[in-house]
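First chain A sits with chain B, and in the next complex the same chain sits with chain C.
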Partner chain A sequence: MRAYTPKNDVQAKAYYTDRYYVAPQVPKQKVETDEVFSHDLAAIKAKFDVKEAFIQVGQMIVYINANDIYAVLEYMRDELTYTQLSEMSAIDWLAKDNTFEIFYQMLSMSKRKRIRIKFFINNGDAVDSVEKLFRCADWSEREMFDMFGIEANNHPFMKRILLPYDWQGYPLLKTYPLQGDEFAAWYEVDKIYGKEAREEIGPEIRDTARVDRYDSERFSRLGFEVPKGTEITGDEPRNPQEYQEEGGVFLIKKFTKESSTVIDDPQR
Partner chain B sequence: MAQVKNRLTPFFENITFDREDNELILNFGPQHPSAHGQLRLMLHLQQEMITKAHPDVGYLHRGMEKMAENMIYNEFMPTTDRMDYIASSSNNYGFALAVEKLIDVEVPRRAKVIRMMLLEINRLMSHLFWLATTALDIGAMTVFLFAFREREYLMDIIEGYCGARLTHAAIRIGGVPLDIQDSFLHQLRVFLNKLPENIKDYEDLLDTNRIWLMRMEEVGTISTEMALSWGCTGPMLRASGVAWDIRKEEPYELYDEVEFNVPFSDKGDNFARYRVYMEEMRESAKILYQTIDMYEKCVKDGETKLMAHAPKYISAPKLDIMTQNYSLMQHFVLVTQGMRPPVGEVYVATESPKGELGFFINSQGGPYPYRLKLRAPSFWHTGILTDLLPGHYIPDVVSIIGTTNIVFGEVDR
Partner chain C sequence: MAQHKVNYTQDGGLPVALTSIDKIVNWGRSNSIWALTYGLACCGIEMMASGASRFDFDRYGTIFRASPRQADVMIVAGTLTKKHAEFIKRLYDQMTEPRWVISMGSCANTGGMFNTYATVQGVDRIIPVDLYLPGCAPRPETLQYGVMLLQKKIRANKAGNAQKPKRLM
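Coming up: the complex of A and B.
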């Protein structure tokens, strides 16, 4: 029987892990250890429901409810001086519990602090767009949609950004293979020539080290080129090619090693 | 031939006329020499005036985040070169620093100094490249040749260090692989001593040049609010009145020990950005002079270590690997299986020449990152064109793209 391989997570896995190996944790500090963060957290807690908050590697991480995100970011921007949204995206937890974790990386320049606002949404749910607060979310929400298929409500232009509009599948999902799926492999052929041309054109050659010994046009037969279609026997005569015109090319001299000057100091 | 259903119908893809409102839609790129890469801009025009701009990116998308999820941490390092390929060491560094924060190792001082040298050389290379290409787009061919000549010196120095000119991969997680070569400091000093007069040459050519001023002043003005809202960082933000430099505000490496200023301007136009770039080159030179002294002090103090000592994550020096059994075993495991950072998350921002380069890593204790998000500054500096271009004329598009300093390896990742 063939060994079962899970289909909901096709990413690279460690091929060997000690059975007694327990992964260590990046230490989490209590929010009270930092004065600025504890003040900010108290201000957020007074108005919104905070599920969990801690400090990790010098930045505070706050878990909130998914539908509070617009209000929280607006409050943080206007009252707590977190004026910049550095980054936002999602983490795929579909294989674990069918959810996505969304994070918003906030920066306060006057306090020199960074906070990461996070929440979970179920697969298929949409997030509220914060594009009205931070224009940069326009592009990052589109990127998130492009990569994970998570839509943002009230977004002005919810289209793919990096991939073509007619692309199928969401590449950063753990279910999407690294090499791409069948749609990706035949995208150009299907689009330009139609599906029926697949056999005639053949799959894309992705092995960069592949050398075709019957390829008489490429570098693999350099110096032993034969006309296209000639049967290759293996003992073709050497076919030196001089890319110089009769009597030399006008204004261009042929390089000879003897006439060259060697410069020792590259900075001269 | 029979009708093929999926065949593309030919159409005029570059130009559309709408007779009703006299609006012209012009496709700028994706193969335009002054788009600095594969940028496609759909511009809605009324006469010469842009009414709506729609940047279309993704022509260089390689799925680096996906690749990262399928690679061990050290394997990903050369891939980061291909983000901002004008200053690739700064990408290497951003990634290395993020992983170092995750596994909590301290890099030896000598490696820190070498890293700072590489970072500042990369900043100079990037800024010189920016100046050259932008000036070329405006039509100043001389500046292009001058700046490329100076950039060539720096590339020679880097080539002497790591063997590569563009994709350096010169930084490792936990330090640097090599000490600098013997001629490094001498060559750097020669370059730095000459740099002020070189910068003066550029400025003599540009600062009072009527054409340059007309193309630069009062063009592409970004207000502070707009810059903050669009996530602008680096020179784009500093030219718009926010003196925010991560090297100064959240110092990493030894940036808190060196003396330098953060040039900024409150004008926000193309010319302000040009001035910020020029001043930053001078500040980088200042930092490089100080790192030379720091390096010489390291040599005098006998600090020879280049890689951090963390046997769980980082291979031992080559000598130990060749002479000690345990180091060899450790090295074998780290190469074949990869390091396994602890379970946790980290977001680390560094000041790359283009702006805030951030690496977000979510590790689940495995040898592959569970999620890695690259925060590339150019992505938002391209996005801001949506709001910035309307109201400008077509020739301004070129100068505005020039001063935003976008690199498409970084935008599309």
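Coming up: the complex of A and C.
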């Protein structure tokens, strides 16, 4: 006999996973295959230490040292015409080797090319802010701090951007539970009513599909309503829902189904 | 009242209608439910559609107000994030009694599809709710029907001070 598994919230889970699945890798090309990129890489290599460089999906990825980032981005903006910072954020590799991978996606409008500058930092280290070079990095770095807890040195306003200032935890870390840790689960209750209210308000109900038609405390079946707390047997009397009460409402014309017009044409 | 409308054979020949205080107060209240403009997400669009000419909330005397101090009902239309939770409580506290709350749509009812760390799993964790409207988003007809049910609820209650203020805590 097969082992019994609880069927609660079963639709939220994947019912089939391939045991032999290998995630496909994006193929890498040598930088020499692209003329513009090989010229740019040579220019960067002449001034800075480049650890690794290759092309993926038509974009060059360059790994540099963490403390070169400000100078590299300044050089790329001023000399190599990569004038836009499209995006920057971090990737959590804490489980692998306790590091974060930081990436800066650069765009050159005149060359029509994109370069991604990357480097690794250890857990707990800060990065240098590039907010003085690109104003857009202001909010990006705050978001990185909000979501990963990576601080940026020399940032003008290093505070959380999306979550409240008094939030604890960094939600984009792989170790952060999607439905929140204990602090997140009780955040609004603790803040508004205080910790002593937890017992009265109760824990969050996370299975939103759960409807118990035999629970007359919290649910009522439309058209078959019973007083709160009544035991449901299944043969409840029908309770037709009409807009107005039996006696009608003072000064208002009684609305009945018979006197109303049903409009069948949806394009009326 | 125009003279030709007076029916002297009714009500003892007087152009008056007799009623009780409860009924007339509740009649007034139920036909002037002013709603707080509180669209938090996409349900807010349906709420706006309900207020606009096609569905026309003005027929029910439901007029959207920009201030909680002028509003009778708070229609929570959309996802309530945990960051915003303290403000919904503050706005609710600013409304004068008697006050009602309609929780509109799945997100406001239970958190809906946002089964995440940042979403309040139902506004009834913060403020007491009178009416839950299902749907994602509910059609304006649903909101209309909800307002009609709320009118019914108001008329079913006593109008005086006996009405118990609702408290979650």
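Simple rule for what comes next: the second predicted complex is superposed on the first by the 201 of 268 C-alpha atoms of A that agree within 3 Å, B and C clash if a C-alpha of one lies under 4 Å from a C-alpha of the other, contacts with A are read in each partner's own complex, and residues count from 1 in each chain.
Keep this in mind: a residue touches a chain if its C-beta (ideal position, glycine included) is under 8 Å from a C-beta of that chain, and two chains touch if they have at least 3 such contacts.
All values reported here derive from a predicted model rather than from experimental measurement.
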item: Partner chain in contact with A:Ile205 - chain B first, chain C second, else both or neither; value: second
item: Which superposed partner A:Ala46 touches (first chain B, second chain C, both, neither); value: neither
item: First, second, both or neither for A:Ile263, with chain B first and chain C second; value: neither
item: Touched partner set for A:Ala3, first chain B, second chain C, both or neither; value: neither
item: First (chain B), second (chain C), both or neither touched by A:Val249; value: second
item: Between chain B and chain C, more extensive residue contact with chain A; value: B
item: Chain B/chain C common contact set on chain A; value: 12, 162-164, 171, 176, 178, 191-193
item: Contact footprint of chain A on chain B as seen in their complex; value: 4-8, 57-58, 61, 63, 65-67, 69-71, 101-102, 104, 153, 156, 160, 187, 190-191, 226, 228-231, 242, 244, 249-250, 337-338, 340-349, 356, 358, 360, 362-368, 370-371, 373, 375, 379-380, 383-384, 386-387, 412-413
item: Contacting residues of chain A [partner chain C, same complex]; value: 12, 162-164, 171, 176-181, 184-185, 187-189, 191-193, 197, 200-201, 204-206, 208, 241, 243-245, 249-252
item: Chain B contact footprint on chain A (complex, rising order); value: 11-16, 23-26, 28, 56-57, 59, 61, 83-87, 89, 91-92, 103, 105, 107, 109, 112, 114, 116, 133-136, 138-139, 143, 147, 160-164, 171-172, 176, 178, 190-196, 266-267
item: Chain A partner contacts - residues on chain C that touch it in the complex; value: 17, 19, 23-24, 27, 30-31, 82-83, 85-86, 89, 106, 110-113, 115-118, 120-122, 125-126, 148-149, 152, 155-156, 168-169
